[in-house]
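Both complexes shown next keep chain A, but they swap its partner, so chain B is in the first and chain C is in the second.
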Partner chain A sequence: MDTLKIYAAMALASLRARLEYKVAFFAFLFAVIFFYLAQLGALLVVMVRFKEINGWDMGQMAFLFGLLTFSQGFAALFFNGLANFDRMLIGGEFDRTLVRPLSPLAQIIVSKFEVSTVAHGIIGSVALYYGAKLSGIHWTFWKAAALPAVIFGGVLIQGGIRLAVTAVAFWTLKNESLVHTVVFSGKEFVVYPITIYNDGIRFFLTFIFPLAFVNFYPAQYFLDKRGETLFHPALQGLTPLVGVIVFSLSLWAWKAGVDHYQSSGS
Partner chain B sequence: MTPGLFLKFAVTSFRKEITYRFDYLIMILNGFLYVFIFTSLWRSVFTSAGGTFGGFTKEGIISYTIVAMVVRISFSMDDGVIPGKVRDGSVALDLIRPVSFQMMNLAQNAGYSAFHITARGIPILIVSGLLFGLHVSAGSLPASVVSLALSYLILFLLNYSVSLLSFWFIDVFPFILLKYGLINLLSGGLLPMDFFPASIRGWLDYLPFQHIFYSPAVIITGRVAPEHAWGILASQAGWVVALWIVSALMWRAGSNRLVIQGG
Partner chain C sequence: MVEFEVNSPVIEAVGLKKEFSVSEQGKGFAGAVKALFSTKKRIVRAVDGVGFSIQPGEFVGYAGENGAGKSTTIKILTGILVPSAGTATVRGVVPYRDRKANAANIGVVFGQRTQLWWDLPTSDSFEMLRAIYRIKRGDYADMMKKLSDVLDLGPLMSVPVRKLSLGQRMKCDIAASLIHRPKVLFLDEPTIGLDVVAKENIRQFLGEINRTEGTTIILTTHDMNDIERLCARLIILDKGRVIYDGLTEGLRQRFGHEKVLEVEFDGRSPAKTALPNLEIVAENGSKISFKYLEDGRSGGLAAIIGKLAADFPVKDILVREPSVEVIIRSIYEKTVSLPPYDGQK
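After this line comes the complex of A and B, so read on.
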């Protein structure tokens, strides 16, 4: 209970710090939204021209994009404090978190309020809404109940991947481009239905780097796409479970990293 | 600025990049990943569309994608240098140097890019060409070289102008993000201009963005015949002149209002 209170107080403080510079806050928010709109614009141009990508039409593509972006926003909210973690290690700032009465991970998580979360939330929900509407999803009770579970699983998968990649820094110290490649470029794979890739990449995105569970498999379930199941239809319902597995493994890797850690001395 | 001095600035920034070897391997992977994703995408939609679309064959669009992406990767520039110098005041040192600020930045960028061309662009070009198939037009070689040089200058001048905004704004990161958004959508780096609806394409001709990656890529891959390339080169050159004037005016206005807080 005390931990939660400390957590809330620190999170609020970092939000207040960001709002201190209102112009910068909104300029950044606007720029992030614009950046994603430009990306969506490129996708829109492709969809208008080609009508569909491997059997996924405009509405279905929007839904796919929405699931990814929405859970990415939440993952960023909790885990973007990790973005420049290697600098914390090299600069010795990490040592400070070790002597405070809250777990080091929790301190890093609340150290920075991530403005881009708001942008992701806006873009993600608009894409989800229009995607669902355009593709005429028939909302049953189970589908409505599954949506939060899928988002939850998606956040755990994306957060888990961030945590695991960040933990590599405990051994290598500098890992900025690794983080950039895995976290930011890696998700570009699943902007498109993974059926456009060869078998090796489909396998990779399902069983090794399971980003396909963030949006591709659950979208098949929501959109009733039965014709093109990959590997096994049961995968469509496994997002929350995969999320829990990925996150547990990452947490274990992180803890191993903290145990291994020796201060850089600076 | 003398050519020797230009070279010295370029070599120094090349050396700075080469120190992080692990990073560099990962960066090759990162670039290759984009080529892979987009060639997969085009192969899939072009197969559904029956092989040809928007004036491109399937082989043609794959060659276009490889070339545009490799140029994009090779022309990496560091956006943070000038804003960083203005923030910490070290730009004052550059002001008293007896060399042109703009030429010095161009030289440093050239070194930075030379590293990305040799260390990332060329390996990715070779691997992608072998894996996905690359067709370039041999007859377009002279026009291709000129077009690439002009597109490099356009991209540099655009980046440089946005960086100079740091004389007026404390945080230029939102402007940099806006610029990236525009370049991603409108430069041809991700998708060729031919896929845009005709009504929008007409407007895009009034902007410099398509001359960054689209123009060199269509010339290199031979989608535009060498004898028709000169018109494109002329408008690229026109944009270089226009942006050069804009950035020179910005530098003059900005450096005059610059106030460095005491160190």
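After this line comes the complex of A and C, so read on.
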């Protein structure tokens, strides 16, 4: 509890530091909102023109987008600070986290808290709400209970992927391009139902780089799309479990990275 | 001079070794491209069997050229790096194994990098550190008052750290490293880039903290004046090995026979050949500095001075011990050689 208070104070300090540059802060916030609105707009244009993509209509597509963006907002809130981690490593800033009586990872997370990700959250929840409404989801008790669990799993998956990619920097020192490819471009794939891709990509997004669990598989469950099972119907309920597995593996990779750093001094 | 207590040492390093593997990279762009596809690695031993033991309350200078292994040793003792071989304990804690416990016991200043929150008022950084080190309000207020009285931090508290001058920032950084009253303080180049006045302020403060708080201080610096002023004990590192560990004063005594004689002449000054045992090291108008080499045959310094004064119109004479800086530089430049270090202080 005490430790949580310390981290909360550090997070607040980083927020105050961000607000020192008010113009930059709001410009970034605006850019984030604009980017996601543009993405959503492009999707809507496509949907108006084609009515449906592989059997997914506009409401269902919005729901898919909402699940992705909402959980992404949460993941970014905590893990955005990792985006420039290679610079911390090269500049020696990381050393400082090792000489404080706290966890290095937690220090980095709270020192680079990214509040502007509320933008993802807002857009994501609007898309979720209208998506659910348009596609007429029949909300049962289990579905209502599953939604937070699915969001939680989605956050763990996206956060875990960011963490794993970040840990690579302990060996390569620079990983900026990898971060951009994997973290920021990778999720573009799952804006669409992954059934539109060939087998290789479906397999990749399910078992190697399991972004499909963030939105595609749980959306199948929520939208009762039983007709188009991919691999196995059980996958639709596995998002929280996949999240826990991905995040645990990433934490392990991160810890291995810290050990490597401490023993190689790079 | 620090009183050595019969007590267990606060820092103990035994046979510390640290190897890094470095990829070979040739010159220029072509070299960089080649290195991209090459797996050729070279093992560099940054620290090669360093051992020492430091008693509570000591103020130890840790000197050496760039790449001698100073920072690597400090990084091992602060828990940032794990040694390839050997062991280290700081207040009984193995720093790289029990990193957090060690962190609570030590303060660290990296002169090149600040630990303060760059964009926030200085006072916020201290408040953050109070939380991080779980310092009780009362203790915090006491220590804060003491630090800001001595270092005159008051006017700096409301200023964002990024707007502080280098000297002001360093004062705050050192204060920040002491706010939790660590028993051991590691300072890595704390006076780098500072002007004379700021350096002097920092030195006075460090001396005082060492005396009044009994803080054990390990100081790495390129400025030998820092060491001469502050450190009763000096450890010199060369190529990852300890080549001297003993009293700072002892180093001078060992090389004390090389005194510098500064003579100001009134008009006519002697030719180089006229003076045995004296070697001109600097000439500045009518002022000439000689290096005096005692060899036991020339009748000592007094005789030389007498001869000088008899033969030439001498206006003023000053005899100076060589500074520690001059001695150490001559060690690095291999113009003098230390007897092999036998592990005894």
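Methods note: the second predicted complex is superposed on the first by the 254 of 266 C-alpha atoms of A that agree within 3 Å, B and C clash if a C-alpha of one lies under 4 Å from a C-alpha of the other, contacts with A are read in each partner's own complex, and residues count from 1 in each chain.
Definition applied: contacts are C-beta pairs under 8 Å (C-beta built on N, C-alpha and C of every residue); 3 or more make two chains touch, one makes a residue touch a chain.
None of these values were measured; they are calculated from a predicted model.
In the superposed model, A:F204 makes contact with neither chain B nor chain C. Of the two partner chains placed around the shared chain by superposition, neither chain B nor chain C is touched by A:Y130.
Applying the stated contact rule after C-alpha superposition, one finds that A:R100 touches chain C and leaves chain B untouched.
When the two complexes are overlaid on their common chain A, residue A:F152 makes contact with neither chain B nor chain C.
If you count the residues of chain A touched by chain B and by chain C, you find the higher number for B. Once the two complexes are overlaid on the shared chain, A:K5 sits against chain C while remaining clear of chain B. Of the two partner chains placed around the shared chain by superposition, chain B is the only one that A:I196 touches, whereas chain C remains out of contact.
In the superposition on chain A, A:G92 makes contact with chain C only, while chain B stays out of contact range. Touch criterion not met for A:F25: it reaches neither chain B nor chain C.
Those residues of chain B lying in contact with chain A across their complex are 20, 22-23, 26-27, 29-30, 33-34, 36-37, 40-41, 43-45, 48-49, 53-54, 170-171, 173-175, 177-178, 180-182, 184-185, 190-191, 195-197.
Contacts from chain C toward chain A in the complex involve residues 18, 20-21, 46, 72, 75, 78-82, 84, 96, 99-101, 103-104, 106, 108, 110, 112-113, 115, 117-120, 124, 127-128, 131-134, 160. Of all residues in chain A, only 2, 5-6, 9-10, 13, 16-17, 20-21, 91-93, 95-96, 98-102, 259, 262-266 touch chain C in the complex they form. Listed in rising order, the residues of chain A touching chain B in the complex are 24, 27-28, 30-32, 34-35, 37-39, 41-42, 45-46, 48-50, 52-54, 172, 174, 176-178, 180-181, 185-186, 188-189, 192, 195-198, 201.
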